[in-house]
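Listed next: structures, encoded as structure tokens.
Across the two complexes that follow, chain A remains constant while its partner is chain B and subsequently chain C.
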Partner chain A sequence: MFQWFIRLVPRGLRYGLKVISLLLAVSIIAFALVCASPIDPVQQYILGLGTAVSPERRAAIEEYWGVNDPPVERYLNWLGNLLRGDLGESALYRRPVAEIISQRFANSLALMICAWVLSGVIGFALGCVMGVFRDRWPDKLLKKICYLLSSVPTFWLGLVLLLVFAVTLGWFPVGFSSPIGVLEADVTFWQRLHHLALPAITLSIVSFPGIALHTRQKLVDVLSSEYVLFARARGEGTWTILRRHGLRNILLPALTLQFSSFAELFGGSVLAENVFSYPGLGSAVSAAGLNSDVPLLLGITVFSALFVCVGNTIANLLYGIVDPRIREVSQ
Partner chain B sequence: MEAKNESLLEIHDLSVAFRMYDQVLGQKDLQVISDLHLTVRPGEVVAVAGSSGSGKSLLASAILGILPGNATVKGHLHYQGQELTPARQAALRGTEIALVPQSVAYLDPLMKIGAQADGHRRPKPTEKRRELFRRLSLPEKTGKLYPFQLSGGMARRVLVSTALISGARLIIADEPTPGMSLDQALEALKLFRQMADQGKGVVLITHDIDLAFAFADRVAVFYAGTTVETAPAADFRAGPEALRHPYSRALWRALPQNGFQPIDGFQPYAGALPGGCLFAPRCPYKTAQCEQSPPPVREIRGGEVRCYHGA
Partner chain C sequence: MNRRLNRRTRTLILTAAMGVLILAVYAAGILVPEEWTASSFLDAKQPPSLQHWFGTDSLGRDLFWRTVKGLSVSMTVGIVASCVSAVIALLVGIAAAVGSKGVDGFINWLIDLVMGVPHTILIILISFCLGRGLKGLLVGIAATHWCSLARLIRGEVMQLRSQHYIALSRRLGKSSGWILTNHLLPHLIPQFFVGLILMFPHAILHEASVSFLGYGLPPEQPAIGIILSESMKYLSAGMWWPAVFPGLTLVLIVLLIDRLGENLRMILDPSSAQE
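Our next item is the complex of A and B:
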């Protein structure tokens, strides 16, 4: 066990190095893009103050902020602060970026976890049904539904659900993460869940078809494999085969896919949160973009890259832990 | 009932066709096995020998009833004198009739060997399996390994053990020797010989003709989806004079130790089969009759042959 652990150390270090260089690259590219864009952070800041500012005062602010320093120097400055945990202050919200991210992320995480679990379970179950009934009517029907749903834009679906279930039927609230006029501390778990339901359902409806189609394909491959032919030759029926060989062989790719789908999940949540006015990271990033809030925009960019990295790392680790063939190689 | 002369498996006029979809012609049937005859008695090894692409492996699937959905089967299959219906096939596979597949690819890559050899039936035959593993000189820890951790020889013995654990009386071994050294192949065939000596019937599907001649009791020569001749293995060891069908003789002469003489032409593809005798296009003795209708099965000198001129 100890030996095994020792041997994993260099691999872990290499992987860590890769992740760090990736995050650095993301931060450099994001910073360069913001520099190249016509956004004027000082102008935004002054607008935010709400009072007129004299040209001298403006020059003083520019001097204080180092706006006229060379870009590399500004980047290193920002990076240094980032490493100390200081992400700057949001021009839009007038609060530290780190605080906004942590608060918004908690909301987003609840939304994404719900959507992630929902789409994973529904997608996997439907994929299994399609694989077992391959080319028969349940498969054909579900496949058409999957293609249809995966071509539906998230925001449009969100609007339709909002119209039907929130406006017409009144089953769900129209927006936000908690009821209006209720103190943050008084919001119950059920109220949160109630507000979360529609955006989570929207998000999972657009992402489960992909999972279902992947699972179906994988199960079709497994069911046409030689080991399933042999299982049939030994008298195993369809359900026994699904239980003994099918699930075992498709669960791992399904889980990996699920963990590496964090990027799409995050992308989808930006749209869903905007439609439902849900105060998560996704609506914060579009607000930051539209209002030229540079510190917040950069902070969320780096944070979301980290988030996607974590998902991919978990997917990688899972393969190593669960698949005996890969476990053997690493030992 | 006299068990000795009772045949275990009897196949009459078996034909297997696949329904294919062609963009131009719509659907068409692809005949892969035509009018095949085969009999297996308890205690004997019957080798089904033929070149690649002659439909040998499909024969195993047809007997077990595990052909793909687009296959149609015609003809008669009898197991222990009773018609082998799809329902009976489903009941018998894995209990009375067992398949020994060709390679480790037929084992679930993510399931431990012990669980796989035990199979899905309850109660688990774990004790019996352990004893069989010992008899097949598989190390104790084999049960805890995954298929990819087995050597070729170990995998072979594990696959054989699945047939033995089931207690089946009819064993169908599909190409058990390719990729093996001569020693391994001999050892594998010895296992099948032992099974037959214990009173089981063994169908040995192979293109390793030499080994089939050496280990089988009878050899069925397979050509373009049918058996052209079934004869005692001794006849094949004796030489072309003892054989009945021109293809069997050609096959014998094509072996390296017998002159290495090939004959012209190639085996017809499924979907482009000749109307009469399947071997007629390549046969030196063919007459007008051969091209008109397929020859019936005739009994000559203790063997069966499908030829108008065979002697």
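Our next item is the complex of A and C:
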């Protein structure tokens, strides 16, 4: 056991190095893109103040932001501050970026976890149904639905659900994460869930076809194998075969796929949050881009890369558990 | 369906019909005269009728023709961006498979990098860099969509490289360039085209999403994303048609292009049709 652990260390180090290099590259590219932009953040900041600004004051702001320093120096400054946990101050919300991110990420995380679990469970269940009923009508019907749903844009689905369930039927609130006019401390868990429901459903509907089709394919592979044929010859029923041979083989790969889909989840949440005016990271990032709030835009970009990275790392660890061959090859 | 036609012929006919339909929508969008989508305040906020199939928006513009126009704009963006992206994928994929271990490692790292940031955010960043406009949208979509196709092509070339006839022609003294054009490309071209067409739907959906967020095309352009983001303002006032119909049309076109790509794959690569 200890030996095995020792063997794992260089691999872990190499992986850690790769992750660090990727995150560094993301920060460099994001910073370079923002620097090359023709949109002047100082001008936007001054517009946002809403008052006239004297040239001296403007020069002071430029000095304070270090806009006139060479880009490399500015990047190193920014990176140094980033590593110390200081992401600068948002020009749009006039608060530290780190504070905005931590606050909004709590909202986004609640939304993404709900959507993630929901899409995983629905996708896996439908995938099993499709695999068991292979080439019969439930399979064909569900496959068509999956193909249809993967052509539906997230934001339009959100719009339609908003129209039907919030505007017409009035079952769900139209937006935001808590009722308007209620103090933050007084919002109950159920009220939060009520506001979360529609965006989470939107997000999970667009992401379950992928997992369903993947599960179906895996289950079809398992069910057409010879050991399943033998099990059937021994007289095991479909349900027993699914439980003894199917689920064991397909559950972990599905979970792995689910963990490696964090990028799509985050991208989808940007759209869902915008449709439902949900105060999470997604609505903050598009507002930051539209209002030229450079510190916030950079902060959220790096944070999203970190988020995706966590998902991929978990997926990679799971791969090792699912398929021992991957472990052995690396030894 | 006609029993005398076999499955391959049926697929061929279906694919051709889909292609014609998509081309028709595209051409219609370009040929529609300006007056048909001009605003007229007398007709503002009309629900769908025989005269205005999809109704009219708050400025009295006919939504059906606006949608058709928007679709052709979206398709142009999607097609141009995916073509660029597919060429990148082809070059990068071949380079990774043929190049040294270092090149391969670097390209894999690059793919991990592009896949490591949510695409919506990357497109927002690139669009921000290029001053929010059509150019930013095109570059953004082209820069984010090549990864999976590049991986596919890399795998394909790797597999082809280990074939005996490639080793043989190398022994016979053929140059790498000759092997590339005569042995590798003929295998890759069908894959490449299928990959290209299957990239369109993603590119179009991303275009619509990013326009919806307010990046990309200017508001006076009739892009689908912009029509839908305008429709949001009137949603609570009970105007449902600007949100429902343009979106539904977008879904249909995307689905159609997606199926076209899948059918084309079945025609070009019959073994995959059995799945």
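Going forward, the second predicted complex is superposed on the first by the 314 of 331 C-alpha atoms of A that agree within 3 Å, B and C clash if a C-alpha of one lies under 4 Å from a C-alpha of the other, contacts with A are read in each partner's own complex, and residues count from 1 in each chain.
Just so it is clear, a residue touches a chain if its C-beta (ideal position, glycine included) is under 8 Å from a C-beta of that chain, and two chains touch if they have at least 3 such contacts.
Here the structure is a predicted model, which is why all the values come from computation and not from measurement.
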First, second, both or neither for A:A25, with chain B first and chain C second: second
Chain B versus chain C as contact partner of A:G289, first or second or both or neither: second
Which of chain B and chain C A:V34 touches, first, second, both or neither: second
First, second, both or neither for A:L76, with chain B first and chain C second: neither
Between chain B and chain C, more extensive residue contact with chain A: C
Chain B versus chain C as contact partner of A:I113, first or second or both or neither: neither
Contacts of A:L297 with chain B and chain C, given as first, second, both or neither: second
Contacts of A:V121 with chain B and chain C, given as first, second, both or neither: neither
Chain A to chain C touching residues, read off their complex: 18, 21-22, 25-26, 29-30, 33-34, 36-39, 147-148, 150-156, 159-160, 162-163, 167-168, 174, 263-264, 266-268, 270-271, 274-275, 285-286, 289-290, 292, 297, 300-301, 304-305, 308-309, 312
Parts of chain A lying in touch with chain B, wherever the complex brings them together: 225-227, 229-236, 240, 244-245, 248-249, 252, 323-325, 328
Chain A-touching residues of chain B, taken from the complex the two chains share: 60-61, 64, 66, 90, 93-95, 98-99, 101, 103, 105-111, 119-121, 146, 148-149, 162, 166
Complex contact set, residues of chain C against chain A: 109, 112-113, 115-121, 124-132, 201, 205, 208-209, 212-215, 225, 228, 231-232, 235-236, 238, 240, 243-244, 247, 250-251, 254-255, 258-259
